[in-house]
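Given below, in the form of structure tokens, are the structures.
Look for chain A in each of the two complexes below; its partner is chain B in the first and chain C in the second.
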Partner chain A sequence: MKQRLFGKRFKILLGAGIIIAMCLLAVLAPYVAPYDPLQQDLLRRLKPPFFMAGGTVKNLLGTDNYGRDLLSRLIFGTQTSIMVGTASMALSCILGAIAGLIAGYKGGRIEQLIMRFADAHMAFPDVLFAIIMAAAFGGSTFNLILVLGISGWMIYARLVFGLVRSLKYRSFIEAAVSYGGGDRYVMSRHLLPQIVPILTVVATLQVAQMILQEAALSFLGLGLPPPAPTWGNILAEGRDRMFGAPWIANCAGVAIILIVFGINMFGNGLREYLDPQARQR
Partner chain B sequence: MFKFALRRLVYIPVSLLFVSAVLFAVLRLTGNPIDTYLDINRTDEQVAALTKRLHLDQSLPVQFLIYLKDVLSGDFGQSLQFGEPAINVVLERAGASIQLVTAALVIAVIAGVLAGMACAVFKDKLPDFLISTLAVAAQSMPSFWLGILLIQCFAVQLRWLPTSGRGGWENLVLPAFTLAAYLLPNIILITRTSMLETLREQFVVTANAKGLSGSQVLFRHALPNALNPIISFIGLQIGRLMGGAIITETIFAWPGIGRLMIGSIFQRDVPVVIAGVLIVSVIIVVANLAVDILLSINDPRIRLD
Partner chain C sequence: MTPATDHELSPVLRKRDAPLLRVENLSVAFHAPNGPVRAIEGVSFEVPAGKVLGIVGESGSGKSVTALSLLRLIPSEIAEISSGSVWFGGRDLTKLPERELRRVRGREIAMIFQEPMTSLNPIASVGTQLREPMQLHLGIKATEASRRAEELLDLVGIPQPRKRMMQYPHELSGGMRQRVMIAMALSCEPKLLIADEPTTALDVTTQAQILDLLRSLQNRLGLSIILITHDLGVVAQFADNVQVMYAGRAIEQAPVSEIFRQPAHPYTQGLLKIVADLEAECERLSSIEGTVPAPYELPPGCAFAPRCSLSDTACTGSPPPLSPISPGRRCACVRPAGFPQIRASA
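What follows is the complex of A and B.
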């Protein structure tokens, strides 16, 4: 392609900007949010945002069915989304990378065992798996991280497995083995550093997927239980008020799309930066 | 061909066994099943009878074998909400789910392949730029919000289509498009890349040199050879599509398996949930088999390895 409209530097900067802003909002939520996200005010129910007729600057994005300030709820919602998104990504990345490293490097029976297990898990749709687990163990932040983390490990296992298998017979690995490097040493000091760049890109993009999954589970009522201000919960409330108060669902939707877009931009920019071949496509 | 299909068939029981084992483990981990069936006013006789009926007095491995036998014979127990066999409740809704997924798949494939081809043909020109930018942006769109937006636009504002439920074709349009949005952006981008690679091949140059018309070269020569990455992508995504169907059915009150399962989870109707998960897994595994066969028909070289 001659020249993309968005260069890699622009993508990385824009993505990083959005991500940093969202993280700051999450950390500073108690200071930034104008109201307590759980505080109800039944006299000020279903007020529209300031840019719609009847809205006031008192509640910038309006209020929901219980008179709770939507902006405050959205700001506190970033906490759950970012925490569950990054922690579950980290969990599945660690599980998958270790499984893939061992399967790719050891080969033989261990490879068969790990990779066939991953194949079987692939046939079990992750949303379905997450729904079963969330329904069985209930929605708490810890359970959500566990469920989403376990349901995503195969992606990393397959990726790392493929990379390790192609690296295994390269001479620098043979050299490391021949001067007496043990399995763990070769895997951690010689194989892993080769994989980290690609793994970083996939892991970054995966955070966006995890945030979407968390929102989807909340939306179905399987995330943190209702009064908790998560984006999925707000969206689910918004669906029930779609006719009278469309701003509830739409504000939550914009919040989700903003962070997912930021992460995707950052991840794609990073890929182009680390892998020059991707730029040719 | 037959041998190839047979070899793929072996994977089906293995995958389904895995799903059944996970379900069994989750079931036993979530606490005493007696509590889901009987309320607080139960008598000791009731508990004893139920313990015997559910085989809870046996050891865990024996329980697992009995469970597998029941699953194989399609006996998931009675639904607690509907009072009829859970498998019947689920199978009644399967048609609606399959209809929705098929419609979404058709929309995603036709629109995605055509848009992707347009990108490849007009590479670096305005249509390519517009479509691929839109596709990349659409990857960030959460489908559950897209569904709500579509309802707001086409059902509430324009009043062209109904908001929810199942009925004529007009009920199918919005859910099918929402579900199609799961695959559409990726199909466009994959088709674009695959088409660009194919268009560089010798046989396309030959076809052009023979004096065939542009559309003949594109659809008869280039497209069949560019299709395989798209078919295998769809195969990998069928699980995600079924997962998306659960969410789409919830948004649009579409009476399929997904909505039934979500409702049953809140009603603690365990037999229906298990039957639902297994039927969905069967659909996915069979669809994957179909994709594998389709791939080998389109590209006979695959059968050799």
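What follows is the complex of A and C.
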């Protein structure tokens, strides 16, 4: 029994556990968080967490420069991270899968157009694109999702393109065409179901990438504007006081590491679980 | 054997009972880096309603390309129909818009393929796949389609249809899968069935069963079939007419009874001699020396000339046309065996 728990599904269980805990925190943030994340208390600024000298249980993870409770801010930060991470993953996954399906199935000039555009986009730095978007439209959750979603589509497009190319000449696809299936029918009913398992794994791992990118953009000041409690913002605020109040940056860092670790565990576990060759071992 | 006297008869006949499918001068070229490569050239044949046409030839003779290009199933980035027409139901399928052609595929002309192992979608149940052509073409509801799918499975001799509908392709044997493919092909009651080597991937006993099934379905439903195969035995059992292909051209067309009795083209003779040797159990099997020339290195004259024991200078000029040698028979040879020489006067 013990061996089974730590066997092949261990990664999935561990990853899912972390993800579910984080999601619960995000959903229940208003009830779980001990304080309002924006409430300042200048008399209690820069208090260390309870486990450091001078810390109290009143602020479990201490307070920041404005006396805001760090734990509350981190809990509310999960909301932004998870929402932006999954929504932008979904956006880039849909865009990329459609582009890859069409390019791979249609071939010819359409393929050249889509895939060369993807290559060109690959060469274009995401951060530069984010700066342009943030400068043009300002920082908001929606814009953040848009920027991250659009900057990630090529990965899916290339993946799906390759898979579709290898599936395209399989007999059952030819058979579907031979009994009168149109392009959209063949793509949606025969090609897409074949690639969904692989797409799921990549999409899962991509959520972690998106969360990291979101934190990076917030850190650079290109995400949600400062008072908003996002992990990137907390990290950026903590950077100024790396030595005076190291817990601010470190706690945000640990939160990011934890969720990325959880998602990667889950994604890799899923890949091993869905891979028939690995499953037999 | 009566010699060919009435060459003018065939157009008259053609008008009287119009064939279901008429292919005229069909050529297909594959795109290659050094320019187009002819896969088939100037192929013409007819399939009368309710008859079975067998197309025989070695690998690379163009028989599968012929079958696939009837429904324009070769992607345009790989090959294109460079000339010719495919007349079916008063329409030229080579010029039909894609949208209308889709309504012919599966509805009026259905196909079954060589590999029953891979021709079914591995992640969809048998029932789902059987329903799909009907839902695409007949616009019927899923429940009605399910009912018909069960009937079809019963028709192709699959026991316990209801249980099979819920199974996945990997749970079925090769013969079963081919039966499912046949059921799918027949689901919209097509007029013509193109069977591209339907028994090649099956073992011998299953082959016989599938052929029996096709035969009985053909009789019962009055279906026309184009049967593509490299197995002369299958043709002998099953076909009404035969077209022999070599290096992308039709070299002989004849009713099945006559071609086995008196093959006219040296290549056909060679093929039949091999079968005869197998039956006679002789020490050493005869073979036709050499291989089919690749499409990009065809000789200027008759493509079979380099392997033909009868070839001479008359064979090397230009490819001999497929000409009538007796009623209902055509042959592309300068001197068809047992028939008057067609080029003698020309």
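For this structure, a couple of remarks:
Everything below uses one rule, namely that the second predicted complex is superposed on the first by the 267 of 281 C-alpha atoms of A that agree within 3 Å, B and C clash if a C-alpha of one lies under 4 Å from a C-alpha of the other, contacts with A are read in each partner's own complex, and residues count from 1 in each chain.
One rule holds in what follows: a contact is a pair of C-beta atoms (placed from the backbone, for glycine too) under 8 Å apart; a residue touches a chain by one contact, two chains touch by 3 or more.
As the structure is a computational prediction, the values presented were derived from the model and not from experiment.
Taken together through their common chain A, the two structures put chain B and chain C side by side without a clash. When the two complexes are superposed, the chain touching more residues of chain A, out of chain B and chain C, is B. The superposition of the two structures on chain A yields an angle of 90 degrees at the Cα centre of chain A, opening toward chain B and chain C, reported in steps of 10. After overlaying the two complexes on the shared chain, residue contacts for A:Ile256 are found with chain B alone; chain C is out of touch.
Residue contacts after overlaying the shared chain place A:Arg184 against neither chain B nor chain C. Residue contacts after overlaying the shared chain place A:Pro193 against chain C, while chain B stays out of touching range.
In the superposition on chain A, A:Asp126 contacts chain B only, with no contact to chain C.
After overlaying the two complexes on the shared chain, residue contacts for A:Ala208 are found with chain B alone; chain C is out of touch.
By the document's definition of touching, of the two partners only chain B reaches A:Ala135; chain C does not. For the pair chain B and chain C, the model built by superposing on chain A gives 13 Å as the shortest CA-CA distance. Put simply, chain A uses no single residue to touch chain B in one complex and chain C in the other. Contacts from chain C toward chain A in the complex involve residues 71, 73, 75-77, 99, 102-107, 110-111, 113-115, 118-124, 132-133, 136-137, 181, 184-185, 188. Of all residues in chain A, only 107-108, 170-172, 174-182, 185, 189-190, 193-194 touch chain C in the complex they form.
If you check the complex, the residues on chain A that touch chain B are 1-2, 5, 116, 119-129, 131-133, 135-137, 208, 212, 215-216, 219-222, 235, 238-239, 242-243, 246, 249-250, 252-253, 256-257, 260-261, 264, 268, 281.
Contact residues on chain B toward chain A in their complex (touch as defined above): 11, 14-15, 18-19, 22-23, 26-27, 29-30, 123-124, 129, 133, 136-137, 139-142, 144-145, 148-149, 151-152, 156, 193, 236, 239-240, 242-244, 246-247, 250-251, 261-262, 265-266, 273, 277, 280-281, 284-285, 288.
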